[in-house]
Amino acid sequence: MVIRPSQHWFFRLLDWHGSVLSKITFRLSLNIFISIIAVLCYQWYEQLGVHLTIAPFSLLGIAIAIFLGFRNNASYSRLVEARTLWGTLLIQQRNILRNIKVILPNDNNYQKEICQLAIAFSWSLKHQLRKTNPMVDLYRLLPTTILKDVINSPFPTNRILLHLGFKIGELRDKNIISDVIFQSMNKELNLLSDVLGGCERISNTPIPFAYTLILQRTVYLFCTLLPFALVSDLHYMTPFVSVFISYTFLAWDALAEELEDPFGISANDLPLNAICNTIERNALEMMDIHPLPMPLKPNKYFNLL
Amino acid sequence: MVIRPSQHWFFRLLDWHGSVLSKITFRLSLNIFISIIAVLCYQWYEQLGVHLTIAPFSLLGIAIAIFLGFRNNASYSRLVEARTLWGTLLIQQRNILRNIKVILPNDNNYQKEICQLAIAFSWSLKHQLRKTNPMVDLYRLLPTTILKDVINSPFPTNRILLHLGFKIGELRDKNIISDVIFQSMNKELNLLSDVLGGCERISNTPIPFAYTLILQRTVYLFCTLLPFALVSDLHYMTPFVSVFISYTFLAWDALAEELEDPFGISANDLPLNAICNTIERNALEMMDIHPLPMPLKPNKYFNLL
Amino acid sequence: MVIRPSQHWFFRLLDWHGSVLSKITFRLSLNIFISIIAVLCYQWYEQLGVHLTIAPFSLLGIAIAIFLGFRNNASYSRLVEARTLWGTLLIQQRNILRNIKVILPNDNNYQKEICQLAIAFSWSLKHQLRKTNPMVDLYRLLPTTILKDVINSPFPTNRILLHLGFKIGELRDKNIISDVIFQSMNKELNLLSDVLGGCERISNTPIPFAYTLILQRTVYLFCTLLPFALVSDLHYMTPFVSVFISYTFLAWDALAEELEDPFGISANDLPLNAICNTIERNALEMMDIHPLPMPLKPNKYFNLL
Amino acid sequence: MVIRPSQHWFFRLLDWHGSVLSKITFRLSLNIFISIIAVLCYQWYEQLGVHLTIAPFSLLGIAIAIFLGFRNNASYSRLVEARTLWGTLLIQQRNILRNIKVILPNDNNYQKEICQLAIAFSWSLKHQLRKTNPMVDLYRLLPTTILKDVINSPFPTNRILLHLGFKIGELRDKNIISDVIFQSMNKELNLLSDVLGGCERISNTPIPFAYTLILQRTVYLFCTLLPFALVSDLHYMTPFVSVFISYTFLAWDALAEELEDPFGISANDLPLNAICNTIERNALEMMDIHPLPMPLKPNKYFNLL
Amino acid sequence: MVIRPSQHWFFRLLDWHGSVLSKITFRLSLNIFISIIAVLCYQWYEQLGVHLTIAPFSLLGIAIAIFLGFRNNASYSRLVEARTLWGTLLIQQRNILRNIKVILPNDNNYQKEICQLAIAFSWSLKHQLRKTNPMVDLYRLLPTTILKDVINSPFPTNRILLHLGFKIGELRDKNIISDVIFQSMNKELNLLSDVLGGCERISNTPIPFAYTLILQRTVYLFCTLLPFALVSDLHYMTPFVSVFISYTFLAWDALAEELEDPFGISANDLPLNAICNTIERNALEMMDIHPLPMPLKPNKYFNLL
């Protein structure tokens, strides 16, 4: 996720890492190369009686734009849903901790245990979605007995949730909380479970591969043929206009592909590290445990990871 | 659902089974054939004073692209909704089992019974949606008395849910759980019922047949006439450009039709077997019943079923 | 709702009753007639210095296609919402009956009464939405005292719901169920009330009439003028291309109008009879009341009503 | 909201009050006038070497159509949301009254008081949204003490809700209902509060004014310049085609503006009087208070207000 | 948010501050300047054999319009979601206060404390979203002990919510309210927490920067090249038509960017001050604390902030 100081619009247009320019450089260069060929060969292939006019490409280009619009919509919805799920995670953590603090205002020990399980849940979810090793974070946050059980499980995040459930079950067994309070807390754990399941769903179910394939085939072929259709009108201007049109189509295609997996670490993905850090800071602050960890800073490309 | 190792983009463009290419081969061949006819007959039908120009086809093609966009949207929404329902199924199974484990931490027998009913529910739903025989899976999972009742029912999945209800009702009758806990568990069963009813709705209610029919008629006719409109400009290039435009339209149409029934077994449908396997692994793991079944592997076309 | 055996795609294209072809025959014939006039008069009106070129029609046609896309979206959303409401009805009936069976496993009488009220609710809703006489179905299902009260009410479906409420209130008055169980059952009745109110809303509130009017005026006029714009390029081909373009636009317009009232009995509307039948079969089966009524079969046009 | 007997499609096309024709007459006349000027001046301004061709207008027209589609979507969503809120109001009134009747079947006095407060809530909301004086309706429905408190408040509808809360609070104070029942009734009042707040939000927050402004500027200018672009091809036909294209664009723009405030009294707005009347009839019928007020009839333009 | 007296449509078209005209003046002037250059150089660069025709720009313009439509949709959804969250805030405040008044009708002190915490919550949220100093408002509303704790926290709005939780917890500790009432009040606080988390999410997560960048690059380049493509047809009319088309595209782009952060203080953003003022007036009125603060008036540009 790119968080940059608001620059003058002119400098923004020159930005390299923020947009997908770095990814499509090769294809744009290829396009310029083909355009030059088209200009050079123009005289020759016109004598063959072949006229590639812009008309069929106009029809095709608009159809492709409509389909690209559809695919971007689908990719962007996934990003929005993923972001909303992580937003819900922060909200639920706050609600659970507020509830604990209000009901057991004096049991600092218990508060701290719940707080650390909740924080561990978010870091573990992050590691699960990015397929990285959660060991460092879990070791930092979990007591040994729980840690051992969690890291031996094939589904560690869900296991942490189970332990959160046991903690609340203990209170009920000891008659510290009534069934009414127990089931209201249990509901809040269910909402964490929704976040976990929702993120797993987005992560495991890409947009049907055929959409990507059909669009990329047509976009690439369209950009390849375009110079030959433009050359009869534009002559020397062909490479310039052709690369401009190609940029529009290739960039939208590349961006849709990048957004499709919102849990990655490219420039336009969700800054899961920063969100986990925010959740941890919020949780500790609510429990009055100081000092808080520092908020994460964007890297030199203005990206948060 | 296609889960493939991330290949180089160049090889992806040659993919045969991932996209719908195999389905539309016949129609694309037909299109090339008609294009060749158009090229051969061009001289002759121009003398008749008939000019099929690209202009009306441009208008029509864009209109069809807009309508195809609409239909793809509708089909894709069904896929997303179906996937979300199966995601909810996994989430609810976890919630029910966590709740049981927290409330009855020592009653292993009871835990196991609920766990097997829950797993049977997902397999039975899969078989119902794909109209296959659930016998093998139910036999493996259900105790004899329940099995008999379930397979004699015309609505076996709903019957399993009823037995889940009876199990929870027993706890209430024996005063092991209070009414508050009972109704919170009952609500979780209601959410399973939502999944069941939602999947049945998607499965039994296709997108209105007229949408499919109107679009296919216009797309097929459009692709058939297109070569005659292109030939006056493109001459020998007609087959190539015509098959390219036809591919774009036919592939989107074919994909929308494929996605319409998300519970099928074609390459872009939901991998219900893999999801059921995941649900079973999760459920058994939560109950500490080992060894877990192996996770499913994609087949040689990188497809999960 | 058209449920047809999967035919070969070629025969599907010739389908007459499934699509809206039968509705727009007159207008398509008119279009052919005007096209022929355009061809015949072409020489004459060209001498007047009037050139109706395709360009302004291209602009207009695309604009109309965009607006048709919008209207189809709105109509289709209504269909989807209506179908979801009826899906919820089935789900809620199951939940209510499961709840009753679990809580009062031995009171067969009471179970049967609730079951029949629930079934009567769906049939009554169907008759209300289609403005048909519910008497036959209500007489079959309701005990005399309730029947009398229901048919004398101007809002019979809501009255049945009130009686469902009384039934549950009785249990509470007799201390058979606690307030916790009562209010959870009452919530399930509220969900039936949502279905009732939602269906009434869709049925009583059409898409603003001006949308229909503006679109139909522009579509009809567009199709009427189109032949005159095509004739200068297409000559003898005018009727053919003109009727093809007109079919695309008229069929989408006609389908949007048909879907606008999803509770009607045309080919693409919801099969309310079949859904009510399914609800009845499910309810009776859950109560173990046999034999079940037969499932409905599609008519000779493959339509369920 | 236009509720008209289904006419023959031919007569519908001539409808004056149903569509927005009456609103855009002036602008359409202006367009014809400009078209005539364009036809008359054509010879003269062609000698100046200025060719306004249709091509840039085609591009602009399609862009405007896309943006109009977006704005209509936004306006229509507001209408749908507003209608859904009023549908929820009816549903909630029924639920509250059913709940009261089931729990206090014999306390007719109390039932009547709640019923009248509920009815007063809907009328008061209607008057608030249309900025009319609620006095007549409130005087008819509320007891003097409450009436006085309500009309002295700057937020009368919310005040009625507060009194509904007090009524339910009384039952709890007198131990007629338990906390469980109280909070379930309180939740139903919260849903009324959602309707109130939702309607206020729609009413107080128009679509950003800039959307309206940008679109109207471009649409008006587009329609003004269009005749000059059409005249070189169409000559004497210019006024006719120009007014046709302008009608399409102006009517969609005017309709979007009309729908933006769904609580107004123009032909395509929500019939709040009729809905309030329906709510009152439903509420009285549930309480068995007869005779019911008459249902509202559409006026001579087939409009319900 | 622009709230203006409904003017005559003619004067509205001249509006300067309501639309984004003031923001894009520079770019429109640049466009006129380039158009004039295009007109002046036309003879010269035509001799070079370069024809920039409108056809490729038509294709590109429509593609850009489709993508602009997508981006506006995304921006507008954020505005709608943000507005809905603030609407929910008002609704929840009313619900919490009504609940308190109904349950503790005689404890004026307690009512007032809750009321002031609730009001402080909204002002604090406003200051957090606009990154302004909340001190003045918090000082006015909070008692000293809470004030100190809140302003020392890095998350003051969430801290206020925690104190609302403590207040309700006190009632439970003192056995004034049962667990059932406590958890229903706690749920209402959770809904405030949803609003807080939702607003933070919108504020911290812009639309992926690449969308803005890709669109602005293509829109600016498109508008820069357009005059050269128009000049061969339009000659002296080029600046006029070019600036018109550019206005359409630049204004939509600028508006989408403005709406992206709905919590800002530009003309089309949410009037958070006015909403907070409304919330405060509602809360005080419900607690019968008079006189109410005055409602906010729009400034001289008809804007509410």
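By letter and in written order, the chains are A, B, C, D and E; residue numbering begins at 1 in each of them.
Heads up, the rule we're going with is that a contact is a pair of C-beta atoms (placed from the backbone, for glycine too) under 8 Å apart; a residue touches a chain by one contact, two chains touch by 3 or more.
Computed from a predicted structure; not experimentally measured.
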- Proportion of interface numbers common to chain A and chain B (over half same, under half different): different
- Message: Can you work out the whole-Å distance between the CA centroids of chain A and chain D?
- Response: 38
- Message: Using Cα averages as centroids, what's the distance between chain C and chain D in whole Å?
- Response: 24
- Item | chain A residues counted as touching two or more neighbouring chains | 55, 58, 62, 66, 69, 180
- Query: What graph shape do the protein chains here make by touch: line, ring, star, complete or other?
  - Reply: ring
- Report the residues of chain D in contact with chain E in the complex, numbered from low to high. 48-53, 55-56, 58-60, 62-64, 66-67, 69-70, 74, 153-155, 158, 161-162, 165-166, 168-169, 172, 179-180, 182-183, 186-187, 189-190, 193-194, 196-198, 200-201, 205-206, 208-211, 213-214, 216-218, 220-221, 225
- Message: Going by the contact rule set out above, which residues of chain D touch chain C in the complex?
- Response: 1-4, 9, 12-13, 15, 18-20, 54-55, 57-58, 61-62, 65-66, 68-69, 72-73, 76, 79, 83-84, 87-88, 90-91, 94-95, 98-99, 101-103, 105, 178, 180-181, 184, 188, 230, 233-237, 241, 244-245, 247-249, 251-252, 255, 258-259, 267-268, 281-282, 285-286, 292
